[in-house]
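Pasting a structure below so you can have a look.
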Amino acid sequence: MSALAVKNLSKSFGGLRVTSNVNLTVERGERRLIIGPNGAGKTTLFNLITGELSPDAGSVSLFERDITRLPIRKRTHLGMARTYQIITLFARDSIQHNVTLALLGLSSLRWNPFIALARQSQLAAQAREALQRIGLQHLAERPLAQTSYGERRRVEIAMALAQNPKLVLLDEPFAGLSIDERQDVRKLLLAIPREVTIVMIEHDMDVALDLADRITLLHFGEVIVEGTRAEVVADRRTREVYLGE
Amino acid sequence: MTSRSIGACVAIAVALVALPYAIKEVYYVNIASQILLYAIFALGLNILVGYAGLVSLGHAGLFGIAAYIVAYLLSSGHGHAVAIVTALVGSLAATAGFAALSLRATGISFIMITLALGEIIWGLAYRWISLTNGDNGISVATRPAPFGFALGDARSFYVATLIVFLLAVAAAAIFVRSPLGAALCGTRDQPRRMNALGYHVWAIRFWAFMFSGLLTAIAGILFVYYSEFISPQALALTASAEALLMVISGGAGTLLGPIVGAALVVIVKNVASAYVERWNFMLGAIFVAIVVFMPEGLVPGAMRLTRSLFRASGRRKAAPVAAEPRP
Amino acid sequence: MTFWLLLTVNSVTFGGLLFLLSAGFALIVGLMRIPNLTHGSMFMLGAYFGTTLLSGTLGIRFSFWLAALIAALEVAVLGALMERLLLRRLAGQQLAQVLVTLGVSFMVADLCLMGWGGDPISVATPPGLAGFVRVGSAVFPLYRLAVIAVAVVFAIALWLMLERTRLGAMIRAGVDDPQMARVVGIRVSQLFTIVFALGAGLAGFAGMIGGPILSVYPGLDQDMLPLALVVVILGGTGNLLGSFVGSIIIGFIYNFGQALLPELAYFILFLPMVLVLVLRPQGLFGGQIL
């Protein structure tokens, strides 16, 4: 059973074709890297997969279940998690609260208007554990606005992982990070259990190359090359796309 | 809650209970009752404005519906229990309608739609003379006597209002500290992210609206018993604006803010109308001044001030009231 | 039969007045993304200013149309001042701007009460147009037809301004995409002042023109503002044609409603708005604010 199957996915904005007949199949436990120059339509593809955009044509399936018409929040409940290119977290809240919100999103507790959130010790313990996994438990009470960019990126990943997803979509997790910070994130990603499927967008190939099992190269919304690392790197079309046509 | 803050709350509650016995003039006891019932109204509105990030300019419509239902049923011979229960149910139904229509939008559009809805209710109250007696209003002859306690005099009514007020504050406090309350704040700050995290943003807002409507209805019922009269004036845009002023002057997004704001507006209104004929001008001027110079409101401003006096760093930035609602 | 005919003419007249009021409102909402809650106040101020001019200021008694124009100018200046001194300080904070307009509307209402008293002031129909026009067995007040004509003239003038002038092009650009407009070099903040003043002036002019029909009274602002709101919700923001069509529709509903179902008239007025909200919320505001 494939984890994610995208078939003939297309999307246009006005006259502009941003996603053109994309076919993509990611197996369970696979680490897939999606690369392509700026404007290739990578984030748009993610938005189509998560449901923030609805496609003009084609389908998206999660573990063989058609989710093309499913609202975003329901996809999350089916085990899909995602990080964003631009960090849109809860700046005024502590990072522990941020992670707690992620945990709460899948819990039936989120509808409860009677109990005190602060007293939910199990939830708090889970949040601390998630922070420990990314090495930020010492900053648990720190408001997000007072953390560094690198720390925020890690919080974002922690939030995505806190929901114990089956499929994680990472949108440029290394963007804007220093060399040390990149190492931290690399360690994080390598520590993700093998059963979890990861699809990652990266603009900078070198950084993520060795994390990937298979690579898909997108350009102008179309799949140009797909294959193992070696295949894609060797392919002449990859060079063309990156060095201009 | 720390034991210190519980202690403070108890002290304040005791002070509030003792109030009518310490003060001699009935006039001031009545002002106190007014402050309490408007504080409930402001708390209700604040659930939307401060915690959901949705500014409603039509809440006086919901306030008024509850009041009118009570007045109408009483004047057609029904008992207090029937009147109050029907008012609550009717008001909640109207709130559901308001919510269903206005939650199709956020931000500025939400304001426009709630404004229009409030105007519809006002227009009905004003023009549907056979039902509401129009501008002449409906008088309420008696007050209820729960468990045999007559509420006819100012002091007893104050105590009854105080009890309802304390219950309302407790309810609001519980809600705000609950997981649903935290989720609501999340939808205020990052609705798109909340959606992606698995929350049903529309439904969360809807239930917040209903809770807001419940508190508003309670305030409306207290109001009609307090003034023993209801007229369209209580539903006008000015009434919605006053409620909003209470929320933003005290500080939206806090529990204490609307209470302080209600006290401020009621006191200024009563004091001002003794000296100045034009309360509306003052209302407008205060509105403009607060929005321009102190958008976060009094309570966060004062909190910030005290914190910066006692601590040098690590303070959390208070949420500006006129914080842009995200579409 | 004559009753219905007269009702129709009154509806179109009222629609014309509403258009003059709402066109400015629509432009302001479209360009500045805020519902200007002082718009009713501008309408009322224009009427009050006009009555003062009519009865003589500085020793001069102005003719009706001159009074209307001068009143409109006065209101436009006030609008420009409000925009520059208050709204511009809060640039980018739409919610704060809306609340400021709300506050100012209350201030203006009381100032008018102080200045002109609590009694309604009737405005005399301009002498040239006080008569009637006879068509078959029906008799129509000349003034009402004149108002329709004026509204049409203004509609065409506004349309020409928007479609054919540079200012109009800048306004349309600003309505479509303010960010892009700035990038292209359009002085958006100046444009805001101009459009706000224009909207205010139009509202003030409409107030005076409407004087012989509605008279002027405290509360006129609160009566007119919701109408502008409904017209714009129906017709769309920044949308002149929408305002025109919406105004006519509301004019009809208002007048026929008053005549046939006075108790529910106000409610019926908002029904189309409610329907639009339920059936086509994306169609609201041309998808710009929502």
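Letters are used for the chains, namely A, B and C, taken in the order the chains are written, and counting of residues starts over at 1 for each.
Methods note: contacts are C-beta pairs under 8 Å (C-beta built on N, C-alpha and C of every residue); 3 or more make two chains touch, one makes a residue touch a chain.
Given the structure is predicted, the values throughout are model-derived calculations rather than measurements.
J.: Among all chains, which one's averaged Cα position is nearest the averaged Cα position of every protein chain shown?
T.: Central chain is B.
J.: Determine which two chains are connected by the greatest number of contacting C-beta pairs.
T.: Looking at every pair of chains, the most contacts join B-C.
J.: Taking each chain's centre as the mean of its CA atoms, how far is subunit A from subunit C in angstrom?
T.: 50
J.: Distance-wise, how many Å sit between the C-alpha centres of subunit B and subunit C, to the nearest whole number?
T.: Subunit B and subunit C have C-alpha centres separated by 32 Å.
J.: Quick one: report the Å distance separating subunit A from subunit B, using the average Cα coordinate of each chain.
T.: Centre separation, subunit A to subunit B: 42 Å.
J.: In subunit B, what residues contact two or more other chains?
T.: none
J.: What does subunit B use to touch subunit A in their complex?
T.: 174-175, 177-183, 186, 189-190, 192-201, 207, 211, 316-317, 319
J.: For a test of understanding, state which residues of subunit C touch subunit B in their complex under the given definition.
T.: Subunit C reaches subunit B through residues 33-35, 86, 89-90, 92-96, 98-100, 102-111, 113-114, 222, 226, 229-230, 233, 262-267, 269-270, 273-274, 277-278, 281, 284-285, 289-290.
J.: Taking the complex as given, what residues does subunit A use to touch subunit B?
T.: Against subunit B, subunit A makes touches at 50, 52, 72-73, 76-77, 82, 84, 88-92, 97, 100-102, 104-107, 109-118, 120, 143, 145, 159, 163.
J.: Taking the complex as given, what residues does subunit B use to touch subunit C?
T.: Subunit B reaches subunit C through residues 55, 57, 101, 104-105, 107-109, 111-113, 115-117, 119-120, 122-124, 126-131, 236-238, 241, 244, 248, 278-281, 283-288, 291-292, 295, 322-325, 327.
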